[in-house]
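We just call them A, B and C in the order they show up, numbering each chain from 1.
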Amino acid sequence: MAEPGAAALTTADGMPLRAALARASRRARLRAALLVAPLLLFVLVSFVWPIGQMLLRSVNNVQFAANMPELTAWFAANPRGTPVDEAAFAALAADLRLAAASRTVGTVGTRINYELPGSRSLFTATGRAAGGLEPPYREALLALNPDWGREELWTVMRGASARYTANFYLAALDLRRDAGGGIVRVAPEQRVYVSLFLRTFALSAVITVVCLALGFPVAHLLATLPVRRANMLMILVLLPFWTSLLVRTSSWIVLLQGQGVVNNVLVALGIVDEGGRLSMMYNQTGTIVAMTHILLPFMILPLYSVMKTIPPAYARAARSLGATSWTTFRRIYLPLTVPGIGAGAMLVFILAVGYYITPALVGGASGQLISNQIAFHMQNTLNWSLAAALAALLLAAVLLLYWLYDRLVGIDNMKLG
Amino acid sequence: MTTRTLLATSALALGLASGTAAQEITVLGWGGAYTNSQVKAFHEPFTAATGIRVISVDADNPATPIKAMVEANNVTVDVASIEYADAVRMCDEGLLEPIDPASLPPAPDGTPAVDDFLPGTLTECMAGTDVFATIYAYDTTKFAGDPPATIADFFDLQRFPGKRGVRRGAKATLEMALMGDGVPADQVYAVLGTPEGVDRAFAKLDTIKSEIVWWQAGSQPPQLLADGEVVMTIAWNGRIFNAAVGEGKPFAIVWDGQVYEPEGYAMPRGTPNKDAAMQFIAFATSTEPLARAAEWISYGPTRRSSAPLVGVFQIDGKTPMPPNLPTSPENLTNALFSSYEFWVDYDAELNERFNAWLLAN
Amino acid sequence: MAPDDIDRTFVAFERVQKSYDGVTLVVKDLNLAIARGEFLTMLGPSGSGKTTCLMMLAGFETATHGEIRLGGRPITTVPPHRRGIGMVFQNYALFPHLTVGENLAFPLEVRGIGRAEREAKIARALDMVQMKGFAGRRPGQLSGGQQQRIALARALVFDPALVLMDEPLGALDKQLREHMQFEIKHLHERLGITVVYVTHDQGEALTMSDRIAVFNDGVIQQLAAPEVLYEQPMNSFVASFIGENNTLDGTVETIAGERCTVRLDGGTVIDARPVNVSRQGVRTRVSIRPERVEVRPERLPRGVHLVEAEVLEFIYMGDIFRVRLNVAGNDDFVMKYRNAPDAVRLVPGARIQIGWRPEDCRALDAA
């Protein structure tokens, strides 16, 4: 060996050691990558891709620009504040003619209607008459419908001509752009989403706390009972998972409604009179009760898996060191279950925030959550961009929560099982 | 959440993607008794007549997957049963194939299709199959002596005390509120098109707000009535008919102030079997099959020529169907044809207002 | 040390019985007196009842019958946290979410001891186990041996008069275990505390204890000092459980005072000391320690019976030789002798004569 350290080491057959190592480990890495490839692909196709699509849709704004090329070009060439001249109306007329021919005028109208209700029919009606438009176009269009002269309409069209827009996010936060392009709150009787978001988080927090209060003793019992009885109890805990969500929700309706089992028993016992039947269904109470029941296993299982790993010796050690059972619980047992509490609370909260069917069925008016609005825009108004913006905000809120949890408790201090 | 719906949609699309042989078409419906009526009256006779197999697939609302399919350029459905407003809106957005009225068969007496179809049930992209109504129904045991008879009675807590079931949504609810406040059917949309009219509708709803039990799924109102949770409820007529006739529940429908709306068949743009699909639609919306469908579910036929052919309810074999259909003349005395033009323009706005109103408890 | 010395008795089990299922007794009529300052080990196989006894003493199990006294007072109704007993657990049971210092502070805090005194006591306890400077660490950052020291310090920091140890060294490797045995022994001597120690490792028991109670089947088989237990096992269970041991089965042929002869099942006659055989003709199991077997019979007193043996295996172990023999049909008869300069080295297959002093061969009950 001439210069130890400086000369590259080689394998027995003269290959540089570094290269041999790289080749050997590359083969191992490739094999590992092949093993996880199906899952990775599945996650990409079924999770990352749809969420990416959703996020894209919440800012994507091609409906207008793609179908109204000339007007879009006019907006691009003339900055905000330029008076709407004959050239703009000519571009509008040309685009409307084109859109009507290619049957896309409805798409354009729908897009503008999101921000300026009532203007969809303006587009479709004008589109039908666009073939007969003659210059000067300003007069011709205004004659057809004076609404074409509205400053607000032109502001909205200018906003809609951009490739990407934040307007759906504004709408999801009860905000809108005024005629000058500034951001203002919508009229009080149109403000829905912010209070719905707040209510969703508040209700989810209540449900999480109730789940914790109910689930903690059960999980403890599960972790400490003899195996056979613990298994029995575990079956009872898991039973809700084996029953259809609708069945479970409907049984709560049967139990809690005004003429339901609980109220009937209370009336029969004379605890409440006929007129004083409790309202426990079709309101927030109904949502909290039914969702707590449905989400309880998600609290119990992580708690159980953490409690199961806490050796009974800790409690015995604390007792032998002179702690009362309460001190033992507070100073030793409870802190040790924090990873389970964190995981359970996160799971329940995140699931509750996105819950849809149960509040739809038992929530009445006051127990409605933001997901019901998302579904409404998905299925009824077909305004998927707004639905995507609402969903993206929900996602962001959950990620924020996750980040907060990481800062406060530490994410590695969370045990899901 | 959105993701879930998208997932369900793409799963559906994947499931349908496999094999569409030349001699079969896929029809997307709503499921339940409604699809059953279409299978009995349309699918089975069509296959018997032409040899073309009909594959029936269900969705919560067929309009949603159709929008996804056309936008993704992956259309795997040939015919979809969709609501009138969706048909018009999606047609304007180029998501549906136009239907040429001339390709639809005339009535047995030779009346051309355009004249045989009820007004508004034949649109550029949709051939109507049936008309359903939003009505209100009551529990006959609760109002034995003096039953409610008009839409105003629904809002009269003095004469008819008790809880009301109302759909949690603006559509039809606001129209019925205005009619309950005395607005004639033909002026409802004119009034509702003004801010004062909207205020008036909400003010009317305010008078019963404390007594309202809100529902969202169509299966809920008959259940609410049966459980005694409400004494009267807004509902879809078919659901109440099934509970009253099918299950013998003491429910009665008040047709006064009904809001009716057609539904029909449409073809998504880019359907793989357009000719067979068109053949199916022409068959299904001809006089005889439309009359048969109305014997399986209490939704009215869209052709005038079908009305006299409607017989008895096929499930019990005795209840005559004509009085139970929204399209019967005696049920149309004070009735409102739901306006798609209005709702495509104001759906989002009025629902936001509606939800804000709900939140302000 | 006399167990009946009432004044010095600190812990007493009086007719204690324990049953978990109401059908079988895990502890059967236990009587045991432990003197103040004594190091007593409960030794036995798993399921012998030793841990149950310890748990009853600590207060985590209640006796089904009988009484346990601590310093003369019955403690059956005293909850564990008021017994004032220090305890070291098998896997240390150090609280993982607290630092070493907080672990040690715990028993002091719950006793309401002020901050200054607390810190002094913690420093002293850490010093005692040579873990100064570790107060800020978490248990998870310590090695097994270090955790073991902290567990010890925590059990001692509040100055209990009685410390219970439940197989505290079970999780350590052999070398560390032997080292810790001496440390615990020294702490015991220095602090003058009473220790009740549970183990299934007889080496550990022999090294550390003042007295050992050998448990089997819920009963104390023998309670004696280590050397007595080893040299003079009172029955075949103790003989086989403590140390390495050869056994041979046979029938008592003659018996006279401290001597008897036993006819082994193969027909060979040997000499033995009767321990719990009382008359001629009873079955017995004789026990001989491997190191007491003499490979050179000429060193034995005249007149003792010699035995034929066949060498099956000869193992060189450095300081000693270990030979496996076939003696009277027993293939596992082991003989050990020192690697002295004149020691013979045997070859497998050789037939030799072996013997032993009659007092080293104990005729016990036929198990």
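Everything below uses one rule, namely that a contact is a pair of C-beta atoms (placed from the backbone, for glycine too) under 8 Å apart; a residue touches a chain by one contact, two chains touch by 3 or more.
What you see is a predicted model; the values in this text were computed from it and never measured.
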Compute the shortest path length in steps from chain B to chain C over the network of touching chains.
2
Looking at CA centres, what chain is most distant from chain A?
C
Most central chain, Cα average position:
A
Please compute the C-alpha centroid of chain B, do the same for chain C, then give the distance between them in whole Å.
87
Whole-Å gap between the CA centroids of chain A and chain B
30
Between chain A and chain C, tell me the centre distance in angstrom, where each centre is the average of that chain's C-alpha atoms.
64
Which part of chain A faces chain B closely enough to touch in the complex?
46-47, 50-51, 53-54, 102-107, 109-110, 113-114, 117-121, 124, 188-192, 195-196, 199, 253-254, 257-260, 281-282, 354, 356, 360-361, 364-366, 368, 371-384, 386-388, 390-391, 394
Taking the touch rule as given, give the residues of chain B at its contact with chain A in the complex, in rising order.
1-7, 10, 60-61, 63-64, 67, 86, 89, 91-94, 163, 168-169, 212-214, 216-217, 220, 223, 227-229, 341, 344-349, 351-353, 355-359, 361
Chain A - residues contacting chain C, complex:
311, 313-314, 316-325, 327, 331-332, 335-336, 338
Residue numbers on chain C that touch chain A, as the complex places them
58-60, 79-87, 89-91, 93-97, 106-107, 110-111, 154-155, 158, 164
